[in-house]
Amino acid sequence: MIRWFALRATLFLTFAFLLAPVCVVVIASFNGGPVLSFPPRSFTTHWYALIKPEFFAALEVSLIVGAVTALLSVGLGLPAALALSRGRFPGRDGLNAILLSPLIVPALVTGVALYQFSLTFWDLTHVVLGGTLIGLIVGHLTFGIPFSVRAILAGHARFDYALEEAALNLGATPLQTFWRVTVPVLRPSIVAGGIFAFVMSLDDVPIALFIGGGDATTLPVRIFTTVEFDFGGDVMAIAALIVGGSIVLMLALDRLIGLDRLFGARA
Amino acid sequence: MSTAAIDRSAAPARTRRAADVWLWIVLPTTAVFCLIFATPILDLTALSFHAMTGPAQVGDAFTLANYRAFVTDPFYLQILLRTCWLGALVTLGCLVIGYPVAYYLARTSSRWRGMALFLVISPLLVSAIVRNIGWFPLLSESGLVNWALLKLGVIGAPLPLVNNFTGVVIGLVHALLPFMILTLTTVIQRIDADLEEAAANLGAGPLEAFWRVLLPLSLPGVVSGSLLVFTMAISAYTTPAILGGNRVLVMATYIAQQFRTVLNYPAGGTAAALLLVFAALLTLLALQVRTADGESASEGRGA
Amino acid sequence: MNLRVMGLLGGALLVVGAAAPSFAQSSVTLRVGCYGGAFTDAAAKYAAAPFTARTGIKIEWVNGNPSDHLAKLIAARGRPAPYDVVYLDDDIESEAIAAGVLGKTGPADIANLKHLYAQAINKDGYGPALNFYSTGIAYNVEKFKAAGIPEPTSWTDLWNPKLAGHVAVPTLDNTMGHAFLVAAEYLAGGNEATPDKGIDKIAEIKAQSYPVSSPVLDPLLSSGDVWTAPWLNGRTWGLIGRGVPLRYVLPKEGGFFGMTTISVTATSTHRAEALAFINEVLGPLAQLGMVDQIPYGPTNKLLGPVLAAYPDVAKKFPATPEQIAKLRLINWPVFHQQYAHAVDLWNRKIASK
């Protein structure tokens, strides 16, 4: 009885902790007084009306870059994770550490390094990466790949090879086994890796600040440059909109395919 | 149970591949990675072997002076120490808070599981700056937490919860908790719940079952999640800058300052390189951790 | 801002229309590095839009901090620059000039130069300034009254022990921080070349926080956790406009004065178009529009009479020739020579305590 209560209390407190700043932001978006004055002075929705169209354009850029980054990260991360967990080749542990390294380097350093790299790249190929969506995707892959590798590696723990063995025994080719046994079993961690990559892409400021610009401006950069100059409730409003929009999206996904199944069966 | 009898210590012959096949499989990712990350970063940190001649400019001569200056100065070593301490505290916090939540999410059959998982990642959907600023009305001296604690009579004077080290820990635990929870959930899901039931049937209390069955089996996931959270905690600079009130000087905030405002690339590059080396060593160490049956965090199966 | 403004705008349009060089509808796009937020919005509305309408030259805005722009320009030396025009704070501009990434201009290139105050024109022919702002003291009137502390009139008032824990000191990452360090240096009997004295003096303040930028300070000032800080006139007036009980005052030793400059880059491939845009930004129409949105003082002398007619607006920034002549300028080249050293001292003595 106590154990049940303790678990429920822990869960409640944890979720309250996780959601606290989000709630503050949502409340602040309706605040008529100075932003973030607490308790809020008055209720208003005019901040939402004041959101400029550039924010929505930036949101579009962010979503496209995030989705492509997530897909490519998982596509490149899966083979690497499998090789790291099953393969036995020299330098395997070293490669594991190297693939984790982007998460250790502050994103700002990566941003500056990528900017310098884009210039060298231009020197060699006369292809411009700065200010393009491709440049942004390349920049975000630097952390997208490590995230998916880590997530899939973690999920590969205790992989039951008997399933693959059974499939091969029944006449499946290695490729069929891969698609119809390995991937579905690893699906929760693949999805987790993709989600990490997507969310971090949506969150990134330094890399997008240095590589992007002009039409290739992501939403967090737009928020960042706006907030530096002039901090108004419209920034809170757009942040609240994103959270709200994601909740709606999640509810829809839940209804359509069941989020549960996306994350895989429970043991 | 029949599965217990199977030797899990080696993959069956037909699913094992020759080493060089794996090399081919890992090649595309490694190549892309080297091109977009390793090369640019090596290029930039190579600047640490030169002297600064002006903002964002370096001289031609090769020198180790930057490294010498860093390693021999107790002030910089203190920054490194503070960074590690921060990382350790945040990781511990995420583990302690995250494990129960991950356990619940892995074991529950509630229909709200999907939404709960979504709620776990929702803090990440709010831009980092806005999220951090959102902490001020809660943690500041006139904020909600202090107001509640004062009202309840738990404290006599407001606690300094923000613009200091405490604020940074709170903010980082909050921001990195989703990563720990999601990693642990996917690992715990793969552990057969019957094992815990078997332990209970054999007379183990819940704590003993956790300590002797669940934790050892989930250790690779714990190490994976901890490694992820630790590396992100030591490279975070927005949160320490905002919630620490710029009074918490860690490696990442120092590096950011050198790269962004002082434009001293050699100094920034030196610190970044040292941080990278340190964390890489830690990673290699952690990957050696093995569970009771020989599984390690670096591989999904036994040695 | 109504009838008189419209009248002046109409007159300005005529002047501008007559003086501008003509481009047959061009297909060039200028990349302009700017700050973002309300600043870029105002510039887009009052400078870029009429400019594009008249000449067909489009403006693409790349927003960020001036030091980021500087870093990109320096990295791109020897190659086509990432911008054609760049807005920089005057202290960053001095670094950019030293790095050789800005282009020179003269009265022959920019017609409106002759209408600017002398302080706004760079002696060596680099980017002129489009507005003046000041660093002074922002303070919360109610909190001071409640604590029984007299309102600040001097920089030294920030060191008042009764304010311990309620002062915010800007870091050296931004202009206010630079200005405050110089103030501290002078208070300690030094100058721009002696950061040691300044840092020691600043270390004496028991600050609540060291904010890098306004989004971090605004909530603290609004909630009353911070009662006073050295801050920019524009940001302070912005908060006042949102209902926070603040007041902005220039200390009796003199507030520090800064400028936003606009320059053409050294390796821009569209120099003529860039110069035409800069001319537009310095013209009375664009300047007046900026004043309407952001309380910084225009540098175009033609606007003097307009400002005199609106004292409520003019009180927020240096508006008259007398006020402008009284503001203290900072010797940026000397300051920047010591900058890395100053930051190091700050890290050791202030940031890690």
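Chains here go by letter, A, B and C, matching the order in which they are written, and residues are numbered from 1 within each.
Here is the rule we use: a residue touches a chain if its C-beta (ideal position, glycine included) is under 8 Å from a C-beta of that chain, and two chains touch if they have at least 3 such contacts.
Keep in mind that what you see is a predicted model, and the values were worked out from it rather than measured.
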Topology of the chain contact graph, where touching chains are joined (line, ring, star, complete, other): complete
Of all other chains, the one whose Cα centre sits farthest from chain B: C
Centroid distance [mean C-alpha coordinates] between chain B and chain A, Å: 15
Centre distance in Å when chain B and chain C are each reduced to the mean of their C-alpha atoms: 39
Computed distance of Cα centres, chain C from chain A, in Å: 36
Set of chain C residues in contact with two or more other chains: 65, 68, 71, 75, 215, 219, 223
Two or more partner chains touched - positions in chain A: 36-38, 112, 116, 224, 227
Contacts with 2+ other chains: residues of chain B: 129, 133, 136-137, 142-143, 259-260
Residues of chain A touching chain B in the complex: 3, 7, 10-11, 14-15, 17-22, 24-25, 28, 36-38, 76-77, 79-80, 82-89, 92-110, 112-114, 116-117, 120, 138-139, 141-142, 145, 150-151, 153-162, 164-165, 168, 188-189, 192, 195-196, 199-200, 202-203, 205, 219-220, 223-224, 227, 235-236, 239, 242-243, 246-247, 250-251, 253-254, 258-260, 262-267
Residues on chain C engaged by chain B in the complex (per definition of touch): 65, 67-68, 70-71, 74-75, 95, 98-99, 171-173, 207-212, 215-216, 219-220, 223-225, 336, 339-340, 343, 347-348, 350-353
Chain B to chain C touching residues, read off their complex: 52, 54-57, 75, 78-79, 82, 129, 133, 136-137, 140-143, 163, 241-242, 245-249, 254, 257, 259-264
Touching residues (chain side chain A, partner chain C) in the complex: 33-38, 41, 52, 112, 115-116, 119, 122-123, 130-131, 209-210, 213-215, 217, 221-222, 224-232
Chain A-touching residues of chain C, taken from the complex the two chains share: 31, 35-41, 60-65, 68, 71-72, 75-76, 79, 82, 213-215, 218-219, 222-223, 238-239, 242-244
